[in-house]
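Look at the two complexes coming up: subunit A is in both, with subunit B in one and subunit C in the other.
Right, the complex of A and B next:
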């Protein structure tokens, strides 16, 4: 049973990978241009630090902050997930019907495909950015335990991002066009995961509320694990919270899916 | 042959919001929407036996696609029962769909950016098709449909007809017992249509595959189906053999008459002139009022006739008649 599921996932994931490879040129361009953003952050924060004359801003020295941005970019490769876009397009153009007649759950089809697509980005982009980070931006190698846990946490962060996006995508069964919701989803994740600036730059109450939301577990938490901001025990605690959020969002997606399917009319599609 | 589909009193309603035209009403609909309940299916019942090829026809919006979707397990009906191959399609969707194949003529079903061969490979895994069987069936079908090379090109580069043939293979690779074809001949030229029909007949004969076809192309119906189900306003208005329909509704014959002289006006009971040119007449004969023998006799004795062709009116006309009769 599990072997069968894994074989299905492997075959579907490979399709995602192949689709990614079809657009080699676009991938090459992304691969070459993405790291440029790091230079922008570097010079922006360099001038901020020199103007304020402070060594430490919100708990970050200049060099740690740059490490933060390098890691943030790497986590971003893993957790980038547009499955809501695919689902809403499928629903609006009627392709969802083809997904319904395949002997795999809609969730599995999307998850496996997304893993496949992201795998390519991870291989082609993560390694160069790690190298650039080490050579140009003073990224330190993390202790082995943190390094391993970073990847565990990042994998969970991907699932978390996936389920948020998947649930937003399911809303298209009612709303048809979900561009607005998707924008909200992206903005919330961008700000509250610590993608734009570290969460410690926000007011205290935002940080307090944020602990009870899933977003910081998508980016901020894995980065802090790498930067050894937590004790070993606290790392396990954070990973536990990630797992709890995933389970919660997974159960939610099952409930939403059931209702979505029941009221799906397929009219006009 | 055993019955593999039982459908009883199937109903599906859905809500749609109606809005009057104009910008004002568009803005108004942001705040207040009026909903209408529509009946897509109004209590549909039928049985289908293994190995049948059944045509589903009906005017646009009659409910045939909705029926097919419910049969394919992608739709949750409002009420009614259904048993297909021992499953309730919408409840055991994943287990059930392994046994069926579906072609939606108007939907992309193959991964757009990749060659069909890649989608087939994916299906080999998720449908658990043994490798040698997969190869055998793929070669057989690709040969029959003449797409051996085409399946290696990305789907987005295929023509409409090639795409349709590739979808047909996709739906049949796992040797399903039951296949749904929703408008399979859309976009096909005459040669391709013929090839596809031959293909369906051959698969039906060889594997006893049951086919359910919705189409607006009466050629599909006449070439493939012995039995048709006509659906209108969410209700079945006819379910039976095509031959029976012809007997019941074929009250008219069409006569194409060629003369060696200029056609003159004439009057004959039960005979209507459909069109006329200098030396040719197209006539419609009501066989209740006038039998054919008399009509031909009359023509031959009164005119210098070169040729007479007697035909049944095309099945389209019969279907139109049935649609009209059922207009409430």
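Right, the complex of A and C next:
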């Protein structure tokens, strides 16, 4: 039974990997061009730090801030997730029907597919950025415990991003076209997770509110684990919150999915 | 003159068509505008965060930097509305062997493609850019009726011309290599550098963004000239590279047209 389920996951994951391979050329280009942004942040913050004349701004020295951006890029590769695009396309074209009758739930199919499609990107993009970070941008190796926990937390961050995206995707059962919603989702996750600027630069009350939103657990928390900002106990606490968010969003998606399934009348059904 | 009025007529028609298509999915269009505005206002929010926690970007006060960001949004908004949808169209039709249909139109192919390709989301971006620029100008006490503002408009237009030139360049490449999207993505990555003033970068990067890929004209030079005035040398060194870029891109496009042989669709 379990072997059969695993085989299903494996097959779907492989499908994602193959789709990923189709885009290997654009991955290559991304791999070569993505680190450019690091140079931009490097110059920008260098000039800001030199004119401000402070060693530490909002808890960051210049070199830690650059490490932050390197790690932010790496976390970004993991948490990149387009499942809402696939779902909305399938709903519009009526292909979602074949997903209904597959021997796996829509959720598992998409999850396995997304893991497959991301696996390649992670290997192709993460390793060079780590290397560039170590060689050019003064990234320090984290203590082993933090290093391992960073990857645990990043894997959970992927699930968190996946479930947010999955819920947005389910809205296409009602809205059909969700390009706009998807863009808002992308911008909000990117900005509120600390993708453009670390959350410690935000006003205090925003930081307080942010602890109760899922976004910072997608990027900021794993990075802070790597940078050893938490004690061992606090790391476990943060990971606990990540898990809690995943469970919450999972339950939400089950509830939405049930309603979506009931009212769905697809093209050609 | 006859040609110009024809082009304007087609352009207006395309805009009308694009908007009426959007009105068919009103909710989606509204949410799309909202998405564009969310994206466009994240930049100014980051600016506020930077300026409230540090002394800011050297040489630029908060409102000066907002003027800068508004200009970037405006110029890239023009590019997204009028330039880039053409490139997507060329890449797609060349790949599918459907490009021939543009060759039989009774108009210059390039003109026709530009007038036919409109991306309505870009209007929301242009609107946001204008709003930010006007707000910043009001805060800085700058007048709309000044010689510097006239120069600013000229430079914004050159920024737009540069977007057009790049999009023609990438479109021409679509006839030579299949994966010209990669070139486009490369350009978009580089264009991110234009989102911050060139004086923060080292001399080499600044030179590159002024003369090799003159992205400085999409915001740094217009904003600088509006704030501090221009010297003839500065104006010339800003606009000349754009001219060269436009000329080269049209030359390449014409060569690509000559060499193009249909896939037989």
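We adopt the following convention: the second predicted complex is superposed on the first by the 266 of 269 C-alpha atoms of A that agree within 3 Å, B and C clash if a C-alpha of one lies under 4 Å from a C-alpha of the other, contacts with A are read in each partner's own complex, and residues count from 1 in each chain.
Operating definition for what follows: contacts are C-beta pairs under 8 Å (C-beta built on N, C-alpha and C of every residue); 3 or more make two chains touch, one makes a residue touch a chain.
No experiment lies behind these values; they were computed from the predicted model shown.
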{"item": "Greater subunit A contact set [subunit C / subunit B]", "value": "C"}
{"item": "Touching partner for A:7 - first (subunit B), second (subunit C), both, neither", "value": "first"}
{"item": "First, second, both or neither for A:47, with subunit B first and subunit C second", "value": "second"}
{"item": "Partner chain(s) touched by A:208 [first = subunit B, second = subunit C, both, neither]", "value": "neither"}
{"item": "Touching partner for A:184 - first (subunit B), second (subunit C), both, neither", "value": "second"}
{"item": "Subunit A residues contacted in one complex by subunit B, in the other by subunit C", "value": "none"}
{"item": "Complex contact set, residues of subunit C against subunit A", "value": "25, 27-36, 38-39, 42, 45-46, 49-50, 52-58, 179, 181-182, 185-186, 189-190, 192-193, 195-196, 199-202, 205"}
{"item": "Interface residues, subunit A side, partner subunit B - complex", "value": "4, 7-8, 10-12, 14-15, 18-19, 22-23, 93-95, 97-98, 100-105, 261-267, 269"}
{"item": "Subunit C-facing residues of subunit A, complex", "value": "25-26, 29-30, 33-34, 36-37, 39-40, 43-44, 46-54, 57-58, 175-184, 187-188, 191, 196-197, 201-203"}
{"item": "Contacting residues of subunit B [partner subunit A, same complex]", "value": "12, 14, 16, 40, 65-66, 69, 72-76, 90, 93-95, 97-98, 100, 102, 104, 106-109, 111, 113-114, 118-119, 121-122, 125-128, 154"}
